[in-house]
Amino acid sequence: MSTAKTDWSVYLSGEIHTDWRQQIISGAQAAGLPVSFAAPVTHHEASDDCGVAILGPEPDYFWHDHKGAKVNAIRTRTLIGKADIVVVRFGEKYRQWNAAFDAGIAAALGKPLIVLHGPEHAHALKEVDAAALAVAREPAQVVAILRYVIDGQLAGYTDTRQAAE
Amino acid sequence: MSTAKTDWSVYLSGEIHTDWRQQIISGAQAAGLPVSFAAPVTHHEASDDCGVAILGPEPDYFWHDHKGAKVNAIRTRTLIGKADIVVVRFGEKYRQWNAAFDAGIAAALGKPLIVLHGPEHAHALKEVDAAALAVAREPAQVVAILRYVIDGQLAGYTDTRQAAE
Amino acid sequence: MSTAKTDWSVYLSGEIHTDWRQQIISGAQAAGLPVSFAAPVTHHEASDDCGVAILGPEPDYFWHDHKGAKVNAIRTRTLIGKADIVVVRFGEKYRQWNAAFDAGIAAALGKPLIVLHGPEHAHALKEVDAAALAVAREPAQVVAILRYVIDGQLAGYTDTRQAAE
Amino acid sequence: MSTAKTDWSVYLSGEIHTDWRQQIISGAQAAGLPVSFAAPVTHHEASDDCGVAILGPEPDYFWHDHKGAKVNAIRTRTLIGKADIVVVRFGEKYRQWNAAFDAGIAAALGKPLIVLHGPEHAHALKEVDAAALAVAREPAQVVAILRYVIDGQLAGYTDTRQAAE
Amino acid sequence: MSTAKTDWSVYLSGEIHTDWRQQIISGAQAAGLPVSFAAPVTHHEASDDCGVAILGPEPDYFWHDHKGAKVNAIRTRTLIGKADIVVVRFGEKYRQWNAAFDAGIAAALGKPLIVLHGPEHAHALKEVDAAALAVAREPAQVVAILRYVIDGQLAGYTDTRQAAE
Amino acid sequence: MSTAKTDWSVYLSGEIHTDWRQQIISGAQAAGLPVSFAAPVTHHEASDDCGVAILGPEPDYFWHDHKGAKVNAIRTRTLIGKADIVVVRFGEKYRQWNAAFDAGIAAALGKPLIVLHGPEHAHALKEVDAAALAVAREPAQVVAILRYVIDGQLAGYTDTRQAAE
Amino acid sequence: MSTAKTDWSVYLSGEIHTDWRQQIISGAQAAGLPVSFAAPVTHHEASDDCGVAILGPEPDYFWHDHKGAKVNAIRTRTLIGKADIVVVRFGEKYRQWNAAFDAGIAAALGKPLIVLHGPEHAHALKEVDAAALAVAREPAQVVAILRYVIDGQLAGYTDTRQAAE
Amino acid sequence: MSTAKTDWSVYLSGEIHTDWRQQIISGAQAAGLPVSFAAPVTHHEASDDCGVAILGPEPDYFWHDHKGAKVNAIRTRTLIGKADIVVVRFGEKYRQWNAAFDAGIAAALGKPLIVLHGPEHAHALKEVDAAALAVAREPAQVVAILRYVIDGQLAGYTDTRQAAE
C-alpha cells in the first residue's frame, strides 16, 4: 500500500562544519523520498550575531550570546516541534552542547531520534544513544534508514512487488 | 453535509501473512473513500534484518533483533501517531505480541481502535476488545465500518438524499 | 490582513430532526466562508442499527445499542477532535443526553463551544451554557458568529476597507 | 500485595434528589475501602443561587443562572479533574444535561466512568454507556465494583488468602 | 536546504490604533516569506459590540462586554492555538490587559513569543519580556526576525550560497 | 459527604500594595477551610532586585529587570502550575501587565480563575473576565466563593444537615 | 543525598500463574526500598467473572468477557497511570496479549518499562523489548534494578559513603 | 503567607566529580528550606556498569554502555519528571553531553531550569543558558535562589515581617 501521501519532515540538528546535511538531503532526493528537511541556520557568524544585528548591540558578550540564542530558538524549537524525525550529528569540533540539548528536547517530545557520530564518542554519548532509535556512523546510513522507514525499501531485500505495495 | 474535505488516515497493524490489508484497501478504493492507509513494512525478512543491514551486523541475535525493532519503530510509532483510526489484526500464526503492543499504544493515545480476529481468540483478546470501538471478524466488515463512519453510508439504510447530505 | 489561508472546521452536534444544520451550512456558503462542516450520521435508523448491521445481530437490545454507539463514536470522537469550533443544538424531542455528552467532551478538549437552544431550556442547560463562548437561539446567529470570527464581518459595523484587511 | 497505600478518589456526579450517594459512601465505608468521595454541592437552592448570593443579584435570570453555574464549575471541574473514577447517576427527574455534560468531560479526560441508571434510559444513554467501563443499575453494584477494583474482593470468589495479598 | 515547504503562521496580538500590523505584513511580503498572518478583529466598535449585535442587547454593560469578549475569544484563542509564533504589541493607549493576557496564553502554550514595545514600558513589562524570545522596538525588527528564522537571511551576513541552501 | 481530605491550593496573583491577600487568608482561616495559599514575593524591592542581588549586577537596567523577572518566574510559574484555583487582583496603581499575564497563563492551563477588581476596570478587563469563573469586587467575596466551592457552605442557604454531609 | 522522601510506585503486569510478583515484593522489602507495588487482580476466576458477578449474567460469552474486562480495566488503567515504573512479565502459558497490551499502554504514556521473560521469547518480544529500559530474565534482576535506581545500591560497587549520600 | 506546606523537589544533574551537590544540599538545610533533592547515581563505576552487573555481561562495549545508560534512565527520567526545579552543572572534565541532554529534557517538559557553570563555557552553553531561568557560577548562588523562590528571603532586603508573611 502506498504511503506516498504522507510527507515526512526531518530535522537535522548539530554539527555545522561538514557537509553531512547535504549528503543526507542529496541521498533522499536521489531516492525520491517525500521528505522535507529543516535545520538551524548554519551560517556560523549569522547564527552568533543575529540577536544584536537585529535587536541592537550589547557591550556584555553574555547578553550578545543570549539575544542570539533566543532568536535562533524561535527557529529551532518550532522546527523540532514540527518534525517527524530528529537527526542529531556530533562531530569533532567544539563542545556541541546545543546538539545534546536538541536531542534532549526531541526525546522529551517523543520524537524518533537518530544519532550520528563516530565510534570514539560512543561512551560519552551513551545516554543520548540510549534514547535513540538508531545510532549511525555515516550520513548514507541515515539515508538508508529514511528509505526503509518511509518507503519500505531495503537494499537486497525488497523486491519490486513489495516495493510497489 | 460533506465530509469530503476531511481525509482520514488508517493504520493497519498486525498479522503480515495473509492479504487482509489488501482486501481493506481494495474495498475502500472501490467505495471511493477519502482514506490513506499506512502499515508496518510487511516484508518479513526485511523487517527482521533492517537494523543490521543498515547499521552493521551483530553476533548476538538479541541485538540483531533490537536494532531492527528500533528502526521499525521509527516507522510504526510515527504512523500510528498520525492515524485517525488504528486497525489491529490478530491471526493464527506466531505470538503476535507486537500487534497487542500496538493496540496498547493506540488505546493510550486515544485512537479509535478496530480489532479484527476470529472467534477462537475472543477470550484471549478480551482486554484488547474491551478497549476497541469495534470487533470485526472479516476485512469486509472493516470496510463497511470505514464506509459508514467516513461517508455515512450503510447498506440497506442510507438513501441517496442522505448520502448526498 | 487575510485569514483566507486558514480553513476552519466546525462540528455540528445534537438534534437531528430539524434542518438547523442545513441552515448553518447554507448561510456559511452564502457568506463565502472558508469552513468545512462535520456532523454525526443523521440518518436515525442507520445510526441506531449500524453496529449490528455491520458486525452481526444482538438479541439483547442493550448490546445492539452498544455496538452501534461505539461505531458512531469512531466518527464523532474523531471529528470533534479535529474541529476548531463545536456547535451543539438542543431541541424539543428526546433526552438528548448525547448532545450534552458531546458538549462535555468539547469543553474538556478546550474547543470553543457554541450552544444553540430555545429560552425554555436555559435553566436546564446552565452548566453547558456556562462553558460555552456563545449561546444562540437561531441558526442564523451561528452563521453571524462564524462570519465575524472567521472573516471579521459584522453587519452594520464593518466597512469594506476593514473587511478587505 | 497491598494496595493499601493507594487512596482512591471517586467523584459522584448527577442526580441530587435521592440518597444514592449516601448508599455508595456507606457501602464503601462498611467495606473499609480507602476511598475519598467528592460531589457537587447537593443543596438545590444553594447551587442555583450561589452566584448571585455571593457576587450580587441579576435581574435577568439567564445571568443569575450563569453566575451560579460558573461558581459551581470551580468546584466540579476541579474535583472531576482530581478523581480516579467518575460515577454519573441519571434519575427520573429533570433533563439532567449537566450529568451527561460531566460524563463527557470525564470521558475526554480519560477517567474511568461508571454510569448508574435504570433500564428505561438505556437507549437514550447509549452514547454515554458506550464510553463507560461499567453500567450499573443500583448503588450497591457501584460499591461492589469499588470493592473489586480497589481491594480485589469479589463476593463468592475471593478467599482470605487472596484478599490479604 | 529549503524550508520553502514549511508555511509559518504568525499571530499579531495587541494594540489596534497604529498600523504596526500592516508594516509587518508588508515587510514580510516584500521579503517573500511563506508566512500567513492572523490577528484579532481590529475594528474597535465591531469588536466591542459583536456579542450584543449578534446575540441580543444587554442593559447591563458588564454583560454587553462579556458577550462580546467571548465571541472574540472564539477567534483569538483558536488563532493563537494555531500560530507558530505570537507577536504582542504594547502601545501608548489604554490598559492593554488583553495584550498581556494573550502573552500569558502564548507562554503557557509554549509558543515562541516576540514582544514589541517602547523602552518606556520595559520595567512594567519585565515579566512578559522574560518569557519572550525577542523584545523588539520597531515593526521592522519583527520583520527582520521573521526573515532570519524562516529564511535564514540576515542583512550583511548571509551570502547567496547560504541563502540558497 | 466530606471533602475534608482534599486540600485545595490557591494562588493569589497581582496587586501587592494593599492587604487583600491577608484579608482572604484570614477569612479562609476563620472559616476553617483546608486551603494553602501561595503568592509571588510581595516585597517590592526584593522582587525587583533579586536577580542582580544573587547573580551579579547589571549596568543596563533592562538586564537588571530581566534577571529578576526570571528568578521570580521560578517561583510564580511553579506555584501557578500547582494551584487548584488562581485569583488575580487588579488594583489602582501601575500597569499590572504581570497580573494579566498570570491570568493568561492560568487560563491556558485550564485553572479555574477568579478575578478581583473594581467596576471602573470592567471594560478594560473584559477579555480576562470572560475567561474567569467568577468576577469579584471584594476579598470577602473570594472568601465566600472558597467557602462555597470547598465546603459547600453558603450564608443563608446551607442548614446543618447539608453542611455535615 | 537522600531520595528517602520519594516513594516509588511499581506496577506488576502480566503472567499470573507463578509467584514472580511475590519474589519481587519480598526482595524489595528485604532491601528496605520505599516502593509500593500494584497489580491486576490475580485471582483468575474472579478476574474472568467480575463483570457478570456484579452487573448481571450474559448468555453470550463475548459479553461475559467484555463486562469483566472493562471492570478490570478500571483497576489496571488507573494503577498503570499512577505507576512510576511498569514491569511486564511474559510466561509460558496462554497468549498473554493483555501483557503486551499493557506494555503498549506503558510505552505510550512514557512510563519506564522493564520486561521480564525467558530467552526463548526474545524474538517474538523484540518490539516490546525495544521499547523497554531493561530486559530481565529473573525476578531477582528486577529487584536489583529497583535497588539501584531507587537507592543507588549496586552489589560490589557501592560503598557505605555513597549509599548514605 | 506561608508556603511551608509546599514541599519543593529539586533535581541536580550533571558533573559528578566535585562536591557541588553537597554544597547546595548543606546550604538548603542550613536555611531550613522544605526541599527534597534528587540526583543521578554519582558513583562513576556503578553508573557505568549497572546494566551488565545486573542483566549480564556484553562483549561489545557499545551494548555494555547501552544497558547501563538505560538502567540509569529509569532513575533519571523519573526523577526529572517529578522535579519542580532542575539544576544542571557543567564542569571542566569530559564532554558532559548527558548534562546538556538532561537540560533539553527539562526545557521540553517546561521545568524551571537553573544552569551552573563558569564564565569560560558561556559561549558554548548559550543555547542552554537561553532556555534557563537563572545562570549561576557558584553553588551558593543556587542556594540563594532556592531561599528566595521558596521562602521569599533575600539577604539585605527581606525584613522579619515579610519573612513571616
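A, B, C, D, E, F, G and H are the chain letters, set down in written order, and residue numbers restart from 1 in every chain.
Note that in this section a contact is a pair of C-beta atoms (placed from the backbone, for glycine too) under 8 Å apart; a residue touches a chain by one contact, two chains touch by 3 or more.
Treat the numbers as computed from the prediction; the structure is a model and nothing was measured.
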Pair exhibiting more inter-chain C-beta contacts, B-C or C-D: C-D
Equivalent of C-E within the choices C-D, B-G or B-C, defined by over half of its residue contact pairs recurring: B-C
Whole-Å separation of chain centres (CA-atom averages), chain C against chain F: 36
Interchain centroid distance [CA atoms averaged], chain D/chain H, Å: 42
Rounded Å distance, chain G centre to chain H centre (Cα mean): 29
Sequence positions of chain C contacting 2 or more other chains: 70, 72-73
Chain E partner contacts - residues on chain A that touch it in the complex: 7, 9, 12, 21-22, 25, 36-39, 41-43, 45-46, 49-51, 53-55, 67, 70-75, 77-79, 82
Chain B - residues contacting chain C, complex: 1-3, 5-6, 8, 84-85, 112, 114, 132-136, 141, 144-145, 148-150, 152, 154-158, 162, 165
Chain A-touching residues of chain H, taken from the complex the two chains share: 61-62, 65-66, 68-70, 72-73, 90, 94-109, 119, 121-131
